[in-house]
Structure formats: structure tokens, C-alpha cells
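Paired with subunit B in one complex and with subunit C in the other, subunit A is shared by the two complexes that follow.
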Partner chain A sequence: MTLPAVVLLVVFNYVPLFGLATAFQEYDPLAGVWESTWAGLYQFERLLSDSLFWGALKNTLYLSFVQLVLFFPVPIALALLLNSVLSERIRNFIQSVVYLPHFFSWVLAITIFQQMLGGAGAVNHFLRSNDIGTWDVMTNPDTFALLVTSQVIWKEAGWGIIVFLAALAAINTDLYEAAAADGAGRWRRLWHITLPGLRSVIVLMLVLRLGNALTVGFEQFLIQRNAVGHDTAEVLDTFSFYYGIATGDYSYGAAAGLFKSVISLLLIWGANKLAHAFGEDGLYRK
Partner chain B sequence: MTLAIERIDTGTGSKTAASQEVRRRRRTERPSWEEPPTLAGEAAKGITLGGVLLIMLVPLWIIVVTSLSTQAAVNRAGGLVIWPDGLTLEAYKVMLADSTVRTALLVSLGITAVGTLVSMVVSVLCAYGLSRSRSLGHRFILMLLIITMFVNGGLIPTFLVVTGLGGYGQWWALILPSAVSVFNILILRAFYSSTSLDLIEAARIDGAGDWRILWSIVLPTSRAVTAVMALFYGVGYWNSFFNVMLYMPTDSEKWPLQYVLLTYVNRGNGMPGSVNSGFGSQFAQTAPLSLQMAVVVLTLVPLLVVYPFVQKHFRTGVLTGAIKG
Partner chain C sequence: MGMELNRRNFLSATLSAAGLVAMGPLLSACGGGGPSRAGVNSESGLKAVLPAYVPNTSIKPDIASVAGGPDVMTDPGFLGYPSNRVATVSGVPGKGGKYSAVTPLWGTIPPADNSFYQAMNKALGVQLEMKPADGNNYNTIIPTMTAAKKLPDWIQLPGWWNPNFNTGGLVGNQLADLTPFLSGDNIKKYPNLAAIPTAAWRAGAWGDKLYGIPSFSTGFKVAGVVFYRRDVLEAKGITADQVKSADDLMNLGKELTDAKSGVWAFDDVYRYIYTSFGAPLKWKVDNGKLVHLYETQEFLDAADWHRKLAVAGYVHPDALAGDNAGGNTRFYGGKTLISGGGQGAWNLADLQSGQAANPNYRRGAFNFFSADGKSAPRVDMGQSTDIISYLNINLKPEQIEECLAVANYLAAPFGSAEYTMVNFGVEGTHFTMKDGVPTPTEAGMKEVQAKTYPFLAAAPSVVNNPTGDIVTKDLTTWQAANVKALAKPVFWGMNISMPQAQATAEAAQPVEDTLKDVIHGKKSVQELKDAVTNWKSSGGGDRLIQWTNDNVLQKFGTGQ
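Now for the complex of A and B:
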């Protein structure tokens, strides 16, 4: 019964692993993997001396950092806020609304942002008609990191609360009652009961985020790269695409991809070690 | 080594003690020991949550209203229309009369339907097979699956394999490479291994085979998670556009709606092929705003139709699993 899934995974996941050999070649589409000339570490040497690649790496790390600082706390705060709403009806309604954008495609989400915040968008129209001047964030490289992070918040923060809501529901209410009886106020209970109750989930999400530090989203940048310019919007994934597939330099793109995968594996491993050091399970147990 | 995903709480749907406990603990009124809320606190909470709702809903409102507005209303507003001011279905009529949009709609619906079916069949079979822990090589296959979550060839080797198999310009290239989500399989498996064990044992004693058990016991008792998984897969197919960019970038006859939206609305290009469609130059240039917004709404509608039915199954259990990976 597992056969169809296994076949698909072997063909589209394991066979490409061998295709990574192209990263050590001068791949020629006409000759194929078997006949292409081997190039050793040549492609990696090219990468390391390519300022465009370093630019992409720098952008990726920067965007990852901004997302960690600005995005990560939002779902936690939202979950705490929502959890404090007593009416089941209101809670359900808010949940259905905030989950929704998670199911939008990036094309749709960015179109919506463009219509609202772009040069001809609703906000700028309002500013113009009140003689305040325009403020085109969609094409401004300086604010690009904030723009993409706010897009991620708009699209994914609502969905992100689910896991925290589940953890909140699992906290024993007797603890709150006992603490209240001992005179602990609202904020002390939050600090001493709620946050420790969320600790393992927060650590798990943090491990995932750190392990994926080199992945900041692909389609989101692919769509917006031309509007802001590649200096700011090029990330490692779009780099592989533009310098691998779009220009036909497959080996070069594959080398960039392999570089990213290896570092990512190390990051996941490292982040998980860190989680174990804090006495948490992290992504996998020992 | 145990993955976080193998520790999924499968409280949903099944009547396990955990889920009942969670339900019991759901507060609907303020317990007596809690201090009464302060006016300022309640106001701040209301304003924040209200603001969150507005940020989500106002853009959708503006887009829908603009798509329904007359050209005169759009001109009067100087762009997007916020308050309805002369409504018409004209934009939708024009849009559906255009062969590019019609084709794209059919392509999107087709890919989503076929893709979801393929994905669900493959995933359900695999998850059921893996949930019977006595089956042959079960641990090995599980490892084989899990490894792909951490290690994969990446964009270019996958592209080379798909094109090497002759997938360039083929429909299957949009479906098969991403048909299996190991993540979804693991969630399904977690449910299958925890639900209705007694029933399965009883059925087995009565001589029911695996197919029969899967069809008559496992699937009917796990409707909620099946619906949610189908939604995840379906949304994935409906939203995908990058694989189109990879495998059929120039073949506008085969473009799904998302790609049309990208070219036509997001990038503001004319519609390829529409010059010959009989609707003339109007489409060859940037389209009127109401028409653009109608395309946006069209990509939203199927989602909004399905969402309320599946959304009620998003209880914490399913989604805890879904998020953890």
C-alpha cells in the first residue's frame, strides 16, 4: 500500500539527490549527467568569488533575522490575546478570519498588498488626495525587509497561533486558581504559569526557525524581485533559480542549492543541540 | 530518535480522554477567582483584535467592491472603490467571455481536482500501510519518508529529473513531483494508528482484509482529518504557479489562474493570446481596474466556498500536527 508514495518519493526526491552530482560538473543539457565533464570544486570556487552570491546570502540572513525579531513574537501575542476572549463565538469568528490568508497564494497576497500600498494603491491614493505626498513601499529597496516581513505577518501570523492555542488549552487551570488564591495577579500568572506552559512549543518553533534560517520564502521574492531590484530582493533560493535555470548554468545553480542544503542541515542539527541543552525535546529526541 | 511530528496529539475527532479534557477546560465564563477586567484593559483588547480583523478584511472588501463597480465609479474614485457607488456585473461578464481566463479557470480546476485526488489516494494508502506497525519493512519505509523532509536534491536536480523524464510542457509535471507530502502522510498515520483500534481488531477477527478495513472503518472514522488534508493538498495545487514558470513558461494555453493573475494583474502585462480571442485590443493592454479585481476575486472564490466546510474541522489536534513540521 505504501508503494505508490514510495515510488513517487524515490523518483522525485531520491533520484534528484544523485542529480546533485551536477554541482561538481560542467553540466551540458545535451550530454546529460553521465556524459558531462567533471569540474571538481570549480563551481563552488566560482560561488565563493561571486559578489552576487554573497549579496544573496547576506540578504537571506538579514531577512531571516528581521523575520525572527518581528514575526516570531506576533503569533504568541495574538494567541494569548485570543485565549483571553471569553465568548466562544467571537473567538471562533476571529480564528476563521485570521486563518484565511494562510490559504491565499503569494501571487494573491502580493497583489492585495500592491493594490493597498502600491504607487497606485488605496493608501497612496488617500495620501495624494490629501496632499501629503506619496509613499511607495512596494518598490522601495530601503524598506523592503519591513515590507516582506509585514506580508508574512499578514499572511501567516494568524495561522501561526494554532499551535500556541493548543498549548494554552493544555495548561491546567487549577494552577491559575491556586496561584490566584496565593495572591498572584494577572501578570504574575502570565509570567509564572502561562509562559512556562508555552515554553516547549516556543522552543520547538524557534528550532524550526533557526534551522530554516537560510529559507525565507521563495515565491514571495520571485514575484517581487523585479520591482525592488535584485540587490535587495535576491535570496539564496532565487539565486539558484536565476543563475541556474533561467540562464541555463545548471551546475552553478545546483552548487548554490547544495551549499544551502548542507548549511541548513548543520543549522537544524545545531539548533536542536541547543534545544537539548535547554532540556527541551526540540525537533527530535535523542 | 523520535521526531516531534510523531508526538502529535491526535485528540481531534476521536473521543480520547485528552480531547475531552481540553473541551472541559475551555472556559466560557470568567472563573470566580479571577479579578474583574479593567475597563482600559478590555478596551485595549477590543481595539487590538478589531484592528487585526480590519487589516484582514478591509483589503478584501475593497477588492470585491471595486470588481463590482462601474467604470464611472472607478473613475470617480480615481482608483479603488471603497464605498459602493454604482454596481454592475460587467467586469465578470467581460472576464468570463475572455477565452484566456476561461481556459485558465478550467486548467486550475482540473489540476486541483486531479492533483488532490492523486495526492489523497497515495497518501491515504501510504499512511494506512504505515499505521499497521506489523507490516513488512514498516520502520525502513518510515525512515525513507522522513529523510526526504530534511534532505532533497533541491530545485535544479529536480528540474533536471522532471525534464529528463520528458515532463517539460506536460500536465503531470505540475502534479506528480509534489504529489506526496510526507508531512501530511505522517499526520494521517498518527490518526490511523490511534483511532478505532478495537473496531479494527474486531473486523479483522471477522475476516475483513486491509482494503475493507481501510474503506469501511478507517476512512469513515477519520473524516475530519481527511477533509483537512484534502484542503491542504487542494489549496497547494490551486495556488501553485512556480512549477508553471518552470515547466510551461511560454505556453499560455496551459496557464492556470494564478499565473494569469501574476502576468495580467500583478505585472500589468496584456493578456497573451487575447488579441485573437475576439475581444480585441482592450485585453492586449493593461485591463480596467474592475476587470483586474474580478480576476483577483475569481482566484479567491473556490477557496471561500470550500473553507467554511473544512474550517470547522480545524480543531487544535489536526493543526497542532500540521504546524509542527
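Now for the complex of A and C:
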């Protein structure tokens, strides 16, 4: 039964691992993996002495941190709010509307932002015709982290609530009644029943997010790289693309990708240990 | 490796894997590196093999070509469509062979084995399986085929992707050498191919051997043109000849920008204007010394000019945000009045799209100028064509001759019976004559209008826009006015193939990124200078210049 899924996994996830060898070579696509000259750790030396790489790493970590602080609580809050809506119809309607942007491509999402907030967009048109100064948010490198996070919130927060709504549904409703009978107000019930009930899911999502700290996105930054300048918008994945694949320097891109994977592996392992410290199962438990 | 991986020996497994990595340098004895690259075209070597040129005189253009310097001429113009369609090929070129062909296509891919393909197979006398692939992703599709060594019998490789496809490394290894079939007088066996100018054959020549078959060759290849909304500017009393210098153009920005009504003068025009500042296309030779574009002062001046344009607020904010795809929409909608683009943008489809937005739409182009307004304008011209097709090395000589005979049919001149068949299909099924002009039927729109066969071989480029003669007249007039400004840059037609390290340095991504920031008004010119200094020292720039000097300039000269 699981054979097709296993085959898919093997073909697309495990077999390509063989290509990691290119990170240790000077890969020539015409020669193939077997015939290209071996270069040992040369590509990694190049990588670590490249200031653009460190810039990309710094950006990735900074954006990851901002998104962790600002984005991560949003689906939880949204799920709690939605859960408290009494009417089934309104709740379903809001839920559908709110997770719809997840299905848009980033090209569409950023085009919408550009048409609304861009220099020639709706908001600035209004400001200009009323002689108020224009608000340059789409091309400002200083507020880029906030812009990107708000784009992610608009697009992904709705989708993220699904997991939390499921967890909320699993909490025993008798607990609420008992607490209400004992005189607990809404906020006390939230703090003492709802949040502890969500705790294992929150910790699991946090572990996954920490492990994915080096993956902040690709298309989103690819599209906006020209708008704010490459020093602000460069993340590890776009670095790998522009300085690796796009210039034919495949080995260099592979080295950057491998570096990212190794660090991410260590991050997931660390985050999982952290989860165990909180008493939760985390991603896996031996 | 067959090792049992569990908790106990995970650590030792990691250590041995690390040991393998440390052994890397020892392994460099294995793996001999890739196939050698073709090198460079030399003037004498190439002259010996270039095909003879026998121009076609049966069909006379309405607007004749105007000559400029060596190998420079405007494209001939045709108004309407000839009613007398001469047949240039007698009989059927093929002998029943079976071939597969891959070409890029920017448009909707026609259904396989459609009525047009079947009609073409009958006319050609071969079973030619056309497999057009998406043009926008073509540069990711081809490397998979070349890496697997599974190229089709006939493949088109656009010249602008030569570095990406490593065409210099493919010729002789996977692509067939056509020199014995086409050099000198051998080409007279194929009269339509002989009518393609010699300059175009250079584009497909590598290491002094002929490999590629050119399509749409032209004597007027420029990187780009600065277009403007002629209808809008003329209504304000502004004409193209009033713009004679970079300052004139900047002043237009002030005059035409009206942000409150949503109109900005400029879209991103840097790429189409930097050569006006005297900056070379890529290389220049100053008193025998090789100089790269990035080392010139003119490069910095051009970037600074565009930076001032952006900072002054004359450039549309969407262009500053990097939205190039929407450029045409902004132009048609009158949100930008001055835009840049290739000559390919000036055609019938453009006229129809523009008129759909504004019935008075008329595209115009500024003449080439020099930045200071005093020296004679000079623009580096590109190689004669970028649309080149190659044959697979595994084909036998009789098969190559059959394919060349097919190419001869496909390269029939404009207005001939064969040209009509290739570009419009069968009369009645795929097109009908309306007002003396071939108009596609619905079947024709689906099966023929997308360019498939012409990308394998085609006659030299002409300007023809049936039902849109004003476009033909405007474009040919503009070309004639500017033909004197075109000149061959250093290394023209030499098809240099360089090692990967040099190719990456040539791509100079960090400099290009900083350049983009400068022309969008975000960084200063000093930062661009720093990026260039960085590129020269640690980005491989100096090594690139040294390599090009030693391997190209010193050995083969400038190719002028």
C-alpha cells in the first residue's frame, strides 16, 4: 500500500543525495559526476571566505528570528479567536477566507502587495492626490523584515490555524465547565486549560520551525531582491541559486546547500532536545 | 557502503565519512575533467571554411536595405504580401528519413502530430518529429539532455545561452561538424542556405569549423532600443530628433512625469542606453591593452546617470521594484512613456496590443546619441544572429545531407511558396487571403502561428507586418537613420568558449547586483566602484582579463 509513496520518497529525496558529491568537486555538467575533478573542501573554503555568504546567512537568521517572534504567535491567536466564535456558518466562512491566500503563488501575493502598497499603488495614489507624502514600503531596505513578515502572516497564518484548531477540538469540554463552575473567568480558563492543552502541539511546531530556521523562503525573496537590494534580501537559498546555479558554478551552490542542510540537522536535533527538556515528546523520542 | 548503521556505530561511521572527505585531494587523481572546449575562431582559419554567399534576387523588397559599415545593413522591408509566390525549391528535398527536432517556443505549444506537421512532412519528404519546448524554461531543459548525452537529431541552441549550455564544449562531442558539407562552394548545392550572409555563419562557427545553421540573420543587431510613445510625445510637440544627448533625455523626464495622474516618464532603460555613454558592450582595446567594461569610466557614468533619473522620481515605481514583466502593460497603458526593449518588440502584435489600449498608439524610437551630444553616436553591434540550430554528431553523412536539404527548404526567402508554407501553412486549411494578406484561420492560429520550423533554419530577417504597414515603415526608417552608428566591437564573431571558472567570473553576479541597486537609486557610484574592485581581486575578474588577453587578444587579435 505504501509502496508508491516509498518509491516517490526514494526517487525524489534519497537518490538525489548522490548529487551531494558535487559539493566536493569542481563539477562540469558535460563531464558528469564521475568525470569531474575532485576538489576536497575547496568549495567550502571559498564559501566561508565569501562575505556575500556571511551576509546571506546573517539575513537568513535575522529574518527567521523576526518571523519567529512576530509570525509564530499569530496562528495560535487566530485559532483561539476563531474557536470562540459561536456561529458555525460564520466560523466556516472566516476560516475559508483566511486560509485561501495559502494557495496563491508568491508571485500573485507580491503583485497584490505591490499594487496596494507600491509606489504607484492604491495607497500611495491616495496619499499623493491628497498631497500627503508617499509611503515607500516596498523598496525600503530598513523595514524589509517587517514587510516580509507581514506578507507571510497574510499568506500563511490562515493555513497554520488548522493544526491548532484540531488540537483545540481535542481538549475535553468538561474541563471548561468544571472551571467555569469553580468561578474561573475567560482569561483564567485560557491560561489554565486551553494553552496547556495546546502545549504539545505548540512545542512540536516550535521544534519544526527552529529546525527550519535556515529556510525562510525562496520565491518571496527572489521576486523582491531587486526591489530592496541584494544585501537586504539575500537569503541562503537565493544565494545558492544566484551564485551557484545561475552562473553555472554548480559545485559552489551545492556546497552552500550542503552547509545549510548540516546546520539545519544540528538545529533540529538541538530543538528536539529542548522539547524533551520541556517534558514534551517533540519530533521524536527514542 | 553496506555498513550497518545503528546508534552504536553512528559515531564511527561519521568519523570514517569525515575521513573520506579528507581524502578528497588524494582522489583528484581520479576523474580527468570534462571534454575540451572548442577554443576561439581565428580570422584566417575561419575565412578558409566560411560558405560562399550567393544572394537571392528573385524577390525584390519594397523598402531596400541600406548599408552601413562592414557587415552592417538594415533589414529590407516588405509592405503587404507578394501575390506571386515564387517556388525556389524544385521537387521534394527529403528521401523519407526519420528525425526528431527540439526548438524553444515562446507561446502555446501546438498539439502533436497536427495537420500542419503532416502537411509539412509531405512537402519536405521526411518524417520530421517536431518537439517544441517551453522557451522560458529552455535553459533548464537542455542541460539535462546534454548531461545524459541524449540530444535529438536536430536541436536549436539560442546563442545568448552559449555559456549556460556550454555550446563550445558540445561541438565536436555531441554536435556534428558541417564544414565538409557547407564550406566554400559546397554550399551552392543549397541555394537558399547560400543566400544567408557570411556573417551569420560565423555565429555558428566554433574553433574554425562550421557547426550551426543560422536563422533570422540580420545586419542590424543591437542590444536594445529606447522606445517612446510617439502618439503621446508628438501631441506635446516632442519629436525624436530633439533628443541629442543624455541631458536632453533627462529633461524629458522632468517634462513628462506627472506622478499625481499616475504617469512616469521612464521605465528601467539602463541596459538600452549605457553604450551611448561610450561604454563598450563588454571589451575594449585601448592602445593595445585589453580593458573590460567594468574598468571604464563610461560604465560608471552611465550608471550614475540612471541613478540620478531614479532619485529624481522620473522612473516608474514598479520598475524600481524590479517588475520587468509588467513593462509592456505600463507602456500600453500610458503609465510610462519611455521604455527600453529589443527590436523584436516593434511588430504587428505590439501594434495590435497597443491599439487595444489606445487607438492612437504608435511606437517610436529615439535615435542613438552620444551622452555628451557632441561626438558621433556609436553602438556596438551584436553577432548576426542568436537563433542557431545544430545537428547531432551521430547522424550519418547521407542523413546530414538530407537534413541540409530540408534546411534549404526552410530557409526559402520571404514571399516564396516555401516561405508561405512554413509560416502560414496550407492555403484554405490554415490561412486564407484577405485583402491580399495571408490571414490565419483558427486551425492556423493553433498549429502554425507559433514559430517551430523557422527556428531550425530561416531566411535572413525582413521587416514585414501585413495589415500593420506603418510599423514596417517606422522600423525601416529608424534603422536607416541609425545604420551609420553601428560598429563591430572587439572579438566580434569569434565565439570564445572559456573554462568554467572564467565563465563564472564573466557572469559577475555580485557586480550586476550592485549595479541594479545603483540604477534604482539605492546605492552610490562609489559602492559600484568597490564592487568592481572586489570582483577584480577575489571575484576572478583580473584572472578573466588575463585569460582573455593571453588566449584571445594575443593569439587571435580583435577580430575587426
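Definition applied: the second predicted complex is superposed on the first by the 274 of 286 C-alpha atoms of A that agree within 3 Å, B and C clash if a C-alpha of one lies under 4 Å from a C-alpha of the other, contacts with A are read in each partner's own complex, and residues count from 1 in each chain.
In this section, a contact is a pair of C-beta atoms (placed from the backbone, for glycine too) under 8 Å apart; a residue touches a chain by one contact, two chains touch by 3 or more.
Nothing here was measured: the structure is a model prediction, and the numbers come from that model.
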Fit or clash between subunit C and subunit B when superposed on subunit A: clash
First (subunit B), second (subunit C), both or neither touched by A:Gly119: second
Partner chain(s) touched by A:Ile223 [first = subunit B, second = subunit C, both, neither]: both
Contacts of A:Gly32 with subunit B and subunit C, given as first, second, both or neither: both
First, second, both or neither for A:Thr22, with subunit B first and subunit C second: first
First, second, both or neither for A:Thr139, with subunit B first and subunit C second: second
In the superposition, subunit B vs subunit C on subunit A residues touched: B
Intersection of subunit A interface sets (partners subunit B, subunit C): 32, 111, 114, 120-121, 125, 129, 223
Subunit B-facing residues of subunit A, complex: 1-2, 4-6, 8-9, 11-20, 22, 27, 32-33, 78, 81-82, 84-88, 94-101, 103-108, 110-112, 114-116, 120-122, 125, 129, 154, 158-160, 162-163, 165-166, 169-170, 172-173, 176-177, 180-181, 185-186, 204, 218-219, 222-223, 237, 240-241, 244-245, 250, 253-254, 257-258, 260-261, 265, 268, 281-286
Contact footprint of subunit A on subunit B as seen in their complex: 1-4, 7, 9, 22, 25-31, 33-35, 45, 48-49, 52-53, 55-57, 59-60, 62-63, 78-80, 82, 121-123, 125-126, 128-130, 141, 144-145, 148, 150-162, 164-165, 176-180, 182, 185, 210, 231, 235, 238-242, 245-246, 258-259, 261-262, 265-266, 293, 296, 299-300, 303, 307-308, 311, 314, 316-317, 319-320, 322-324
Subunit C - residues contacting subunit A, complex: 21-22, 24-25, 27-28, 30-35, 143, 146-147, 163-164, 166, 169-170, 173, 259-260, 262, 264, 316-318, 320-323, 335, 500, 503-504, 507, 509-510, 513-514, 516-517, 520, 522-523
Interface residues, subunit A side, partner subunit C - complex: 24-26, 28-32, 34-41, 52, 111, 114, 118-121, 124-125, 128-129, 138-139, 141, 223-230, 242-243, 246-249
